[in-house]
Every structure is written in C-alpha cells, then in structure tokens.
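Shared chain: chain A. Partners: chain B in the first complex, chain C in the second.
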Partner chain A sequence: MAITIAAIRGVSSGIRATRDVSEARAVAAPARLEWRVAHVVSVRDETPHARTLVLDVPQWPGHRAGQHVDVRLVAEDGYQAQRSYSIASAPESPNVELTVERLDDGEVSPYLCDVLQPGDGLEVRGPIGGYFVWEIAHGGPLLLVAGGSGIVPLMAMLRHHAAAPREISARTAVRLLYSARTADDIIYANELGRLAEAREVDVQYTLTRTAPADWTGHRRRIDRPLLEHVAWPAAEGARAFVCGPTPLVEHVATLLVELGYDPLQVRTERFGPTGP
Partner chain B sequence: MQTEEMRLDGNAAAGMLRELFVRDVTGAIATCRLCGNVAPIGGLLEYGHQMGIVLRCPTCQGVVLRLVHASGALRLDPSGMSLLTLADGAPVS
Partner chain C sequence: MADTPFIARGFHPKRAGAAPNRLPPGQYETRDFPVLSAGPTPHTPLSTWDFTIADSSGTAIRWTWDELQALPHDTPTVDIHCVTKWSKFDTKWEGISVDTLLDAARAKGIADGQFVVAFCDGGYTTNLPFADVTGGKAWVAFGYDGAPLPPEHGGPARLLVPHLYFWKSAKWVRGLRILQHDAQGFWEQLGYHDRGDPWREQRYQGDP
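And then the complex of A and B:
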C-alpha cells in the first residue's frame, strides 16, 4: 500500500514538473503576431486634417515608444487594404492611440478619419518594429525632429518621458524640432505647450507655408543653420529620431551626420512622399 | 512620382517580417553580400510593392532581401545577405 502511494506521488509530482516546464516555455515563447479586432473607445480631432483614434485592443501585450501597428480594412468583396500607423500613446497609457492624417486621395485614412465611430471595430496587429524605439532607460540627450504627422511616434516618446519619475526625466533632456505647413497643422499643440513648460523639453516649431503675424517660431524648411541652432552639439552624444515625409527625413538625417552625429544614433522613420 | 520619395525604412517591413520570423528582426544586423556593409534591418531602405517588399543596402543600393506574398506562399530571398545577427536578449517585438 505504501509503495503504491509513493508511486502515485512520484507520478503526480512528475506530471506537475512537466506542466511547470511547459508553462515556463509558454511564457518564454514569443507570441505570434495576430490580427485582433480593436474596439474604438473614442475619437478626437487634433487638426482639420488629423484625428486620434483611442483603441481598446484585447490582449494588448504592451508597446514601446516609437512602435507602430498595422491596420487592415476588408471590403465586402474581399478586397483588402493594409497600412501602418504609429502609436501616439505612451507605453504607460491603458489604451492604444493612433493619430491618423487624412490623405484626400488615400484608401484607408479617409475611412479612419471620417467614417469610423466610437463603438466600431478595427482590425489591428502589433506592436511592430523594434528599430525606431526609445525607452527612458536609454537616456539622453534626445533630439526629435518631426515633419507633419511624423510627430506621432515622437509624441509617444515625449509622453513616455513625461510619465517617468521626475528625478529620472530631469536627467534626460529632450529637444523637439517640429516642421508643419501652418500653425493650424500643428498636432498636439496644447499638450506640447504644457510639456515645454513643465518638463525638460525644449519645443521649437518651424512653419513652411504661412505663419500668423504674431508667430515667434521659425519660418522656413529645415536647413543646416536651423538644425545647428536646435540640435545638441555632436559631442553631447545625443540620440536622434527623425520622422516625417521621406525627403525631409533624408535631408535632416544627412545634415545631422554632416554635423558629426554618429549615423547609428540617427534613427529614421520615413512616411513616404506626403507631407509639408 | 519619384521612387526616392516612395522609399521607407526597413522598420516599416516589421509586420511582414513577423509573418516569417518568430522574433522582431528590425534590430538584427544584416551584412550586405555585395559591399559588406553592416546595418540593422530597420535601417535598410524599403521599397514596397503590391505583393511584398524589397530591402536595399543604404551604402551600395544592392538588394539585401526580398519578401513576397503571392500565389498562396510567403517567399524570402535572402541571397543579398551574407549574415544576419540577432543579439541574445533582443526584445521579442
């Protein structure tokens, strides 16, 4: 009888051990990148051409600042259109926020900006892309350069910076240079103003088309003198993230390397041909 | 429209690459077979097409890899790459 019990114990502890191992493997194994139906919690107009979608994504594994998601729309006849959109919200945010610029000849952005309503579902997969990512642990100084809606992934970095404990964010200085067509096209203007007042964030704007009469910011496309004025000196060893239309991104990245920045510390996210 | 204006970063291909690779490889270092340049996958130049992507070397413009989804299959042509190095402990996604 005693032997039987011992044997049963042995078997049962063996099963438990096996299960523990398989659970450990399940935790360690990378999750497949699956399409999920996100729920639109709310929408917010940021500018006449850009709207933020606040999404509740089931089983969202969390993201890092700078990552994106893929969005898929499927028409009734089965035709699919897929686009990538940067995540605007901080990793610390409970929801996933995307800010989408409406391209009038676009296939996907007019639907996201004009048609999608709170309560609707939206197919997404993510988070995606570990290359264009900044975490507070990476430290600073940090140089962010945005063109148009290229501000979106950089905003996730700024919000991540703002969510850090004060003693940590105070050691991580940030400069943002944001190029937009007009003052009305500046996305997150109010929030950027608050960040500039409250934190170690220097925000500078340049407008490329028209500027109000009382405009105190810059009024031209980003050029070498403007970048020299705003950017950290190369010797400071800053990390740079540049995001926006492809021509702007390539121009700025080239200038930064000319100014002495380590090319490996200049990370770029090209949005393609559209923009200011 | 200029082709140069259409190009993106390898990072933009991250979603499609995750259809094949179990971990994010945009931070992995690719060695160009043509010129020997080493660069993160995310820092290559991406040219998107209807069916897939082409990643080119930022130094010599040579094709480093192609990834195409067509005719019911996902096809990777890595022949422009002599080595791909992914660090231990690199984030999964």
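And then the complex of A and C:
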C-alpha cells in the first residue's frame, strides 16, 4: 500500500509534553539512506488488486515491523517518480516483501503490479519511519486495526510476532480487526487463517460492500459497538496500531480515545486518496 | 544527485501534466489534501487555546484566540510539498505572519535566535532555522480555502512554512520556542531531516 508517514500528531493539551521517541532514537541513522537496486526474486498475486514483490536488497540493514521504503522509478529520459510502500515481511525474513495495491489511474502501482517481473531491478531506499513500529520486546496486548491495504505494515507485525520463540509470542496476545470491501479483497487471507490458529492471535473481519451467503464475519463499517466488541478494554493497556484510508483511521482512532485508550498508545498511519 | 540513476525497465510515466518547474524532485501533483498524522486528532476548545512565543531565558508572550484574531491577517496562496511525495499547488490560507508575532515578541524583550522549535497539542514538535520562519515565509494559519482549518488538517491552527516539507508546518501548533542551538523535533529524532528543503530533496537525516 502507498503510505503516508510525515507530519504530525497530537492529542490532549499538555503543550510542554514531549512525545517519547526514545524507543526509536537508536535507529535514527545519521548516515544517508542510499538508493539500492533490489533484485526482484518473485512476485505473488494476493488479490485481484494487490501483488507482493519479493525483493533481495543488497546490504539491507534490516528493518522493524511497521517501517516502509521509498521506491524510485527512473524513465529513459531521466523523469523520476517516487512512492512509499510499507514492508510486509517480518524483520526475520531474508527478503524484503512489499505488497502493492494497484491504483488503476496511478503512475507507479500499475508498473509494480503489471510490468515488473522476477529478475528485474528496483530502486529502493530505507527502512524509513520509527514511530509506527512494534517489536516483540514492546509486549502487548496488541490491537491491530486495518482498512484495505492498510493491513500491510500490520502483517509485518503479525509475522514478527509469529517468528518469536513460542514462549515469548504466547505471552503477547494480538487482536486484528480487518475491514475490507469484499471477501476477495482480503489480502493474506490464508496466512491470516493459519496465524489465527495460535491461541493468542484473534483475527476478525468485517466486509463493507458485499459478503458471501455463508459469511460468518461482520458486515459493516467499523463502528463503536464493533470496536468495543473486538478491542481490548482500555484498562488492559493495549498498544493500538491503526492503518488504512483516512476516514477509517480518523474514526477508529477517535473511538479508541473515547473508549479510554491513551492517545499516546494509538499510533496511526493513513493513506489516500493521494491522487495518481 | 550523486547517485547514478537506475533506469526502470519498461517504465513509461503518465506525467500528470504539472509544470515541471513547480514540482520538486521525486514529487507528484495531487488535487486532494491527504491527512498525515501519527496518532489521534486532538480537539482543543478555543476558550482554552493560546499561542506562546518564548526565548531561552524564559521570557514569553502569549495570545489568546481572540487576541490572535485581532492581529492583521494574511491570505497566502502557496504550493505545499509533503515528504510522502505529494505536492499540492495554489493552496489558499488565512493566518498571521510569524513576522507580526515576532515584532510583538521583540517589543516585550524576547530575543531573536538561530532556531525555533514549534510545539503543539499532543506533544508534537518540529525544529526550524530562525531564518525559515522570518521574512514573510511562515504563518500561524487558521483558515483554509475560505473556511476554518479542520481539526484533521491541524485546526484550530497550524504552522504554515510552505517552502519546507510539510511536516515542518506543525499541526495543532501552540507556540514557538526560540533557541540559540538546534534541537531536533519529533520526526527529526526519528530520522527525518533537520531543515527539509524539498528543492534539495532533504527528506531524511544524511540527505544533502
């Protein structure tokens, strides 16, 4: 998914308060993030609209779950286009995987989904971003709320959780609420089904457009009752990560604060509509 | 850029038709106004809102919402550039020039400095060179496109520094602290650039 980091955050009114970013300070690299030509190892269609690119990035410095990379396409005449894409793979994965949703009127995503082939090169630099990240050492419980391709950075967190030693992952309970338009639009459906076999991982879907006749999940946009049903009670002190289109993220983040979540424990990443 | 560009095989750009000299490197034009925030949107009532300028000695000047509104308004029309790659042309704002606020601050004995840190509801901060918020280049903006600035875009007021990447235009701004030495803000500590000039593509720490 094309993501938006950048700017700004806030809540409450402690104007002298300074957000604690010490967790992330250690990875703020003073050295320049260099462009590297990644090798496309393979591609995998996830849904009719989303494709995963499996990349071998030379001298990849490693990443944390939730971070993203910049991708640069340079045309023969020197014209360049850049976009940001969340990393879907766990830090433990030998390759860097990006899952890209095809925007039909886009300039970069149709190239990545339809033109790029195994064996091709692709310029990337990263990893970027240090706030929308989760490490198993941060603990839980963990609440993940995804809209559409907003699942991508949350999938990196789920995969990171699954890669941890069993005695550690079993202590960290995770709940995912994933809103998609239709059942066919659910990215990573099979893998999410396998992850949900772990007792501490709960996966719930809600479909906002059409649902199959035998659908047993939820069928509506995320609202307060649905969030109350899925989310940890505020007293549990869960960390929440919310990623998706702006209206979903605005709505869910506001609801979580109303439900008593500490705004500093509600981390968001929003995307689109950002044009081509 | 020093890198030798790698040509993407089979990449035939659509080119959105933007005047190339208005788009900094790596940017594309959008007609939307994306929302970019790291957390929930705060909602501060105007009755308790104020704006502060303080220097390193602790001397401060403070405006209530009504006092700020009574100052002369500017209505800049500017291009804005987000580090996430989108640019938006001819955005129309209403606000108070930071020069106007600094004139009043100087009259109260507040000293100029080399840098400022903007601070905001929710604890967000961003650092800027003093020269980047003076000389008609920066505003405290509370109107957008003829209406009050919506909360998700930083309302009731945000900093507007359009010649730098837009994370420097801090949402929900409540004041400026004038410093003699640079002190990194929120995203800057997380690896983003201390100045953030889009024309030099200063996105991340270590960029030229």
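In this text, the second predicted complex is superposed on the first by the 241 of 276 C-alpha atoms of A that agree within 3 Å, B and C clash if a C-alpha of one lies under 4 Å from a C-alpha of the other, contacts with A are read in each partner's own complex, and residues count from 1 in each chain.
Just so it is clear, contacts are C-beta pairs under 8 Å (C-beta built on N, C-alpha and C of every residue); 3 or more make two chains touch, one makes a residue touch a chain.
The structure presented is a predicted model; accordingly, all values stated were derived computationally and were not measured.
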Open item on the list: According to the stated criteria, A:120 is in contact with first (chain B), second (chain C), both, or neither; which is it?
Closed with: second
Open item on the list: Tell me which touches more residues of chain A here: chain C or chain B.
Closed with: C
Open item on the list: Applying the document's definition of touch, where does A:210 land relative to chain B and chain C: first, second, both, or neither?
Closed with: neither
TODO: Check the residue A:130 against both partner chains and state whether it touches chain B (first), chain C (second), both, or neither.
DONE: both
- [ ] Could you say whether A:31 touches chain B, chain C, both of them, or neither, answering first, second, both or neither?
- [x] both
TODO: Identify the partner contact of A:61: answer first if only chain B is touched, second if only chain C is, both if each is, neither if none is.
DONE: first
Open item on the list: Just checking: does A:270 make contact with chain B only, chain C only, both, or neither of them? Give me first, second, both or neither.
Closed with: both
Open item on the list: A:246 in the overlay: touching chain B, chain C, both, or neither? Say first, second, both or neither.
Closed with: both
Open item on the list: Please report the chain A residues shared by its interface with chain B and its interface with chain C.
Closed with: 29-33, 70, 84, 128-132, 246, 250, 267-273
Task: Residues on chain A engaged by chain B in the complex (per definition of touch) - done: 29-33, 61, 64, 67-68, 70, 84, 125-132, 245-247, 250, 267-273
Task: Partner chain C, residues of chain A touching it in the complex - done: 3-19, 21, 24-25, 27-35, 37, 70, 72-76, 78-84, 107, 111, 115, 120-123, 128-132, 246, 250, 253-254, 256-257, 263-264, 266-276
Task: Residue numbers on chain C that touch chain A, as the complex places them - done: 3, 5-16, 25-32, 34-42, 44, 48, 52, 82-86, 119-125, 152, 154, 165-167, 169-172, 174-175, 186-187, 189-191, 203-207
Task: Residue ranges of chain B in contact with chain A within the complex - done: 1-2, 4-12, 14-15, 18-19, 22-24, 26-27, 40-43, 90-93
